[in-house]
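Before I ask anything, let me first share the structure, which is written out below as structure tokens.
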Amino acid sequence: MGSEIGVGLIGTGFMGKCHALAYGSVKAVFGSVPTPRRLKLCDADADLARQRAEEYGFAEAVTDWRTIIADPAIQLVSITTPNALHREMAEAALAAGKHVWCEKPMGLTLADAESMAAAGRSAGVRTQLGYNYLRNPLIAEAKRLIESGEIGRITHFRGVVDEDYMADAEIPWSWRCQLAEAGLGALGDIMVHLVSLAHTLAGRVEKLTAQIETIHKTRPLPDRPGETGRVENEDAAQALVRFASGASGLLTCSRAAWGRKNRLAFEIHGTRGTLIFDQERMNELQLFTASGDPATRGFRTILTAPAHPPYGLFCPAPGHGLGFNDLKVIELAALLRAIDGTPDPLAVDFTAGLAIERVIHAMVMSAQSKAWVAV
Amino acid sequence: MGSEIGVGLIGTGFMGKCHALAYGSVKAVFGSVPTPRRLKLCDADADLARQRAEEYGFAEAVTDWRTIIADPAIQLVSITTPNALHREMAEAALAAGKHVWCEKPMGLTLADAESMAAAGRSAGVRTQLGYNYLRNPLIAEAKRLIESGEIGRITHFRGVVDEDYMADAEIPWSWRCQLAEAGLGALGDIMVHLVSLAHTLAGRVEKLTAQIETIHKTRPLPDRPGETGRVENEDAAQALVRFASGASGLLTCSRAAWGRKNRLAFEIHGTRGTLIFDQERMNELQLFTASGDPATRGFRTILTAPAHPPYGLFCPAPGHGLGFNDLKVIELAALLRAIDGTPDPLAVDFTAGLAIERVIHAMVMSAQSKAWVAV
Amino acid sequence: MGSEIGVGLIGTGFMGKCHALAYGSVKAVFGSVPTPRRLKLCDADADLARQRAEEYGFAEAVTDWRTIIADPAIQLVSITTPNALHREMAEAALAAGKHVWCEKPMGLTLADAESMAAAGRSAGVRTQLGYNYLRNPLIAEAKRLIESGEIGRITHFRGVVDEDYMADAEIPWSWRCQLAEAGLGALGDIMVHLVSLAHTLAGRVEKLTAQIETIHKTRPLPDRPGETGRVENEDAAQALVRFASGASGLLTCSRAAWGRKNRLAFEIHGTRGTLIFDQERMNELQLFTASGDPATRGFRTILTAPAHPPYGLFCPAPGHGLGFNDLKVIELAALLRAIDGTPDPLAVDFTAGLAIERVIHAMVMSAQSKAWVAV
Amino acid sequence: MGSEIGVGLIGTGFMGKCHALAYGSVKAVFGSVPTPRRLKLCDADADLARQRAEEYGFAEAVTDWRTIIADPAIQLVSITTPNALHREMAEAALAAGKHVWCEKPMGLTLADAESMAAAGRSAGVRTQLGYNYLRNPLIAEAKRLIESGEIGRITHFRGVVDEDYMADAEIPWSWRCQLAEAGLGALGDIMVHLVSLAHTLAGRVEKLTAQIETIHKTRPLPDRPGETGRVENEDAAQALVRFASGASGLLTCSRAAWGRKNRLAFEIHGTRGTLIFDQERMNELQLFTASGDPATRGFRTILTAPAHPPYGLFCPAPGHGLGFNDLKVIELAALLRAIDGTPDPLAVDFTAGLAIERVIHAMVMSAQSKAWVAV
């Protein structure tokens, strides 16, 4: 009755739960995918690991992630731990011949990403990074519209990703503020998502010039009243870019934009039309085309529908709405099928992920050199 | 390790899949709920039943729903079959001492609903109807705002539910168009959702006057080219209502409103403010309060966030978006907890469901008598 | 050099200023209209009259409105006084052979409106009521789209007009609250605008059933602390209607809808599409048509543009925005041209105005009789 | 009865009409301003000049603009001719001791602007440039909110100005495409408006790096079928900027953005909140403040109202909407009052205008040098 694949999950936080939910739903939603068998879940805290294993439907709880790597029944490993741990875990899993599904960004440094990409290329298995926003059926629709020439040749890509999780100056200093623990700030957390959309829809970024800044330069130390710690990574960044296609672009991000919760938004200008998207209204895509009666032209708001696969597998009725977690289910289905041999046109493997991270590191270099840099 | 509850699912269509997804996710999302054990799934088609059982994670596939009723290990039965079958199945399940989770509307006629409500009251188990839109965390927030007096006393409730699944005159005639097979049309399909919101947020509807109509009075017969069949149930309805509280209201629905996909929307006027919601943008709630500097008053768009439980159990980051299927998970969690003894303030059991259906049947009566009728 | 027409203005309040602005701009905007010569302006307060005459560019200030009626050089009289004065002034002007441009509603009672309509029909001059929202170029566009069959046959007209000028319970009692001084409340102030749109776009209302209410039944008396006065007219009303065409409709209004400032909005359902408009975003019209690729259907937002005459006379660039006062200029241009012999397809003369007022008075009757009434 | 000021108008195109409308309305709207006496209007075409003089209410039509400069009764000269003529006319008017109200941009080159600014500084009269979007009452409100600390310290200003008047590749080549005739393209036409908003709300731009491009590099020659002419100026530009305050910024413009008609929009991030504005919805301002119950925070949509002076002079009722031409009336009132001695906090005189133009010329320089440049 269909193939199976043994899976292990390392990390049980925000994205760990998201992976777990995807493992629990993907077969029911998609039907024709290998069935994931949830074998082992790892959390350093033994009690928590046991509790989560029960809740998430994993057969066994472990506290040493190497147990998962060592298990021959596990073919696919999810890595949802803090960024600083990704590289070691991913490379160990690859070395053991496991497929790897790892959250973004790849690591703390560009060297991490390069090493992981190299490991991925030589491993002979699938690697996949957690660029879930790409999996929105409306992004696939946007891609289809672009490829079919509906908006003509792309001339400009303007993207923004704003949140406000670090907007409040009173949020205390933490490991998040340290380069050695967290790596980059808003660039690694959120700009990478925007770059993934730009790469998918407008092609590769070739060069750029950027400015970067830390808006709240110090934050209160949690345990020492009246004292503050220095924030080492950036709250916001902006870049002018040039795509390989010749199109111009603008990419901006902030983790200190009050009122924005997940405004991952873009606007694509073409010679015959325009596309607009905003993740905060993730079930809507705006399209303008220079066609038809001028008196009735306008941006049209397209609601997600069965006409935008695989929406219909979640709900046969249009406009009923997907949610954030549904995107992860789509991402997982694509990975399972890729493992099974079906190509995934939206895949972001470690090589494609490295290309994304080169862009954010180029932004850092440009901000330092105050010059255009090639990616 | 937490309690367990054996479940059976009858019906594997649109809502059957939705129930199945909820069973597969609820423990991972909520943690502290009884764990559903997916024991038996029923579909009249044996092959389909087997396939769905595998996909949905049910241990066994059956083709006779009475097998589920007869299974002593099953304590909770999901009924997601066509409306005409609800009553018999629900009453049999209740008679067997099962908790029942049944999709709306209850049956084809008011008599069906009355019978089911009576059966539910005497059964000593939980009954729950699928009013999933009530489970949006923003509806709970709206209720909280109303109860805390944030918008003052409610003076007016204006609601609409529009879709376009029967807007096209060329959609062929089917069982959907027959009273004996489908029961009411837009009133039973969608108006009941609006009434459920009105009852939850503005209290009971006491009397009303309505008009009802079939916009496309005949439809092409699928197998007989050039011939048409008569549509026996309504495409659209509108009603003026009076709530028990004294507030006025307006309820309108259409299944022939081109461009609307799930516009289940309301606007609540109070003596100190206004609340607005639209299911097509289900992650947003609009609030206006008559407070603060007049120069900066305005409707504010509230994005779903962890401040609106149980959103945070799906995603710890605000504004990332829930989807249609997530609401069913919330509904199921509330039912599981209610079975476990925790009261569910938003529950729509068969008695509350009957109250909703009395409203739509009063609309039919008023449209015939062209007079105000008491509900 | 083009023809001229002598004009007199009675009343210098809200709408008096609006008329004055229109007189000052219409020739510059439209070019090919008779030039209005601002001869006499009347205000009962002599100082104010003098000041306003200077500001508004009128040659002479008078305090007795009959002076305007008596002036043979004046051919067109603007009446912008309180409603209770409209009838006497309008009938006197008509008797003197003047064209009359009068603000709505026509008077306090249906008898007033009937008398004025009769006087208008026998006078051999032009009468025009101030239904300025009809003059939005996007309303003309909506009419064009309907007439060209773009949305098919109209099946439903749903309209709302909400403001909050009486939402605050602390607004003191005034003449506005008295039937003998103000006539109807929200019905006369704002519902008439909605009916004018319904009549223009969906045709005549044939019958209706309504409910009406006074939300704040008493208000503080301004000069007597602690005492209250009774509010005699309605804050809100709702009606189910049936148009002569057979289409159904829903009309609702409130002057106590917190946060709404000029939400004069409608949604028109047709067998092939839908039109949506909201005066608070008066430069946008929403159109959905059931045509083209289902994957890219959606409501499109049309911005006012030169493609929607006479927008281009105000601004040659699209989407730059008209304002409330511009609509009055368009209304005046149509009147001046009608006086000059060019038919005005959107004209609301006293006869058409009476038809509008019959609808609101039918709402009052229906609310009393609790039955459907013919208009 | 109040002072008077003699005015002359040079140019009768798009902005000439806009000035004319402002002269015709300003006294009626504002009351307490000097009354403009429309003395002479100039157009090179004698017939057109006569026709426009009649329509616009000017006493006399002339074909030589020097006649206006030479008229001692004229104290204020409006210059609305093509950009290439601004400098000569403005400097002649200043030399003759006239106040000058000139459309933007100041001239074709930075040298033009510098010369005009120098002339303005030494002339002892008022100069004013047509930055009408600044005059929106909601921009004044935004400024008030910023100055009162409502959004804290500004950390980021993100602005866009997009139109589509050159989006179609088939629009023929014209003088507009030539540096010697039109000067800059989108930078001079529209980016200057965005810079004026940035300067007003976020302070002076200190340095920037930019990229500029011509999207349609050639256009069809109107008279020579099959041949094309080279477009010499830019269709689009983007810049990263740094304000003198230390805040970062992003400014982008396009005249080839399909579907955008007047999207002059900004988003201002502060340490306590965010402000958002879009000229296409010019009667709305969005405000988010980090205050109050987290469960009900959100962007609020503020509709223009009498609480935002001078809106109430146009209309005493909130939310009824101003239009594009109304902004010019406000601009003129401020100029007339400034001439009369009342300081105008939003004034853009030739010196302030030069500062704006330095920014766009710095963008050109940066795009050439591919480096950050100081303004």
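Here the chain labels run A, B, C and D in written order, and each chain numbers its own residues starting at 1.
As a working rule, contacts are C-beta pairs under 8 Å (C-beta built on N, C-alpha and C of every residue); 3 or more make two chains touch, one makes a residue touch a chain.
Remember, it's a predicted structure, so these values are computed and weren't measured experimentally.
Q: What chains, if any, are shared contacts of chain A and chain B?
A: Chains that touch both chain A and chain B, as defined above, are C, D.
Q: How would you label the chain C and chain D contact, same or different, if same means the shared numbers make up over half of all numbers there?
A: Over half shared, hence same.
Q: Where the CA atoms of chain B average out and where those of chain C average out, how many Å apart are those spots?
A: About 41 Å, centre to centre.
Q: Can you check how far apart chain C and chain D are, centre to centre, with Cα atoms defining each centre and the answer in Å?
A: Inter-chain centre distance comes to 34 Å.
Q: Express in whole angstrom the distance between the two chain centres, defined as the mean CA positions of chain A and chain C.
A: 53
Q: What residues in chain B touch two or more of the other chains?
A: Within chain B, the residues that touch at least two other chains are 260, 297-299, 303, 305.
Q: Under the touch definition given earlier, write down the residues of chain D that touch chain A in their complex.
A: The contact residues of chain D facing chain A are 151, 155-156, 158, 160, 167-169, 209-211, 213, 215-216, 236, 238-240, 242, 248, 250, 252, 254, 256-260, 269-274, 288-290, 297-299, 370-372.
Q: Considering the complex alone, what residue numbers of chain A touch chain B?
A: 1-2, 14, 17-18, 20-21, 24-25, 27-29, 31, 35, 51, 54-57, 163, 165, 260-262, 279-283, 303, 305, 314-326
Q: In the complex, go through chain A and note every residue touching chain C.
A: Answer in residue numbers: 141, 144-145, 150, 287, 293-303, 305, 307-308.
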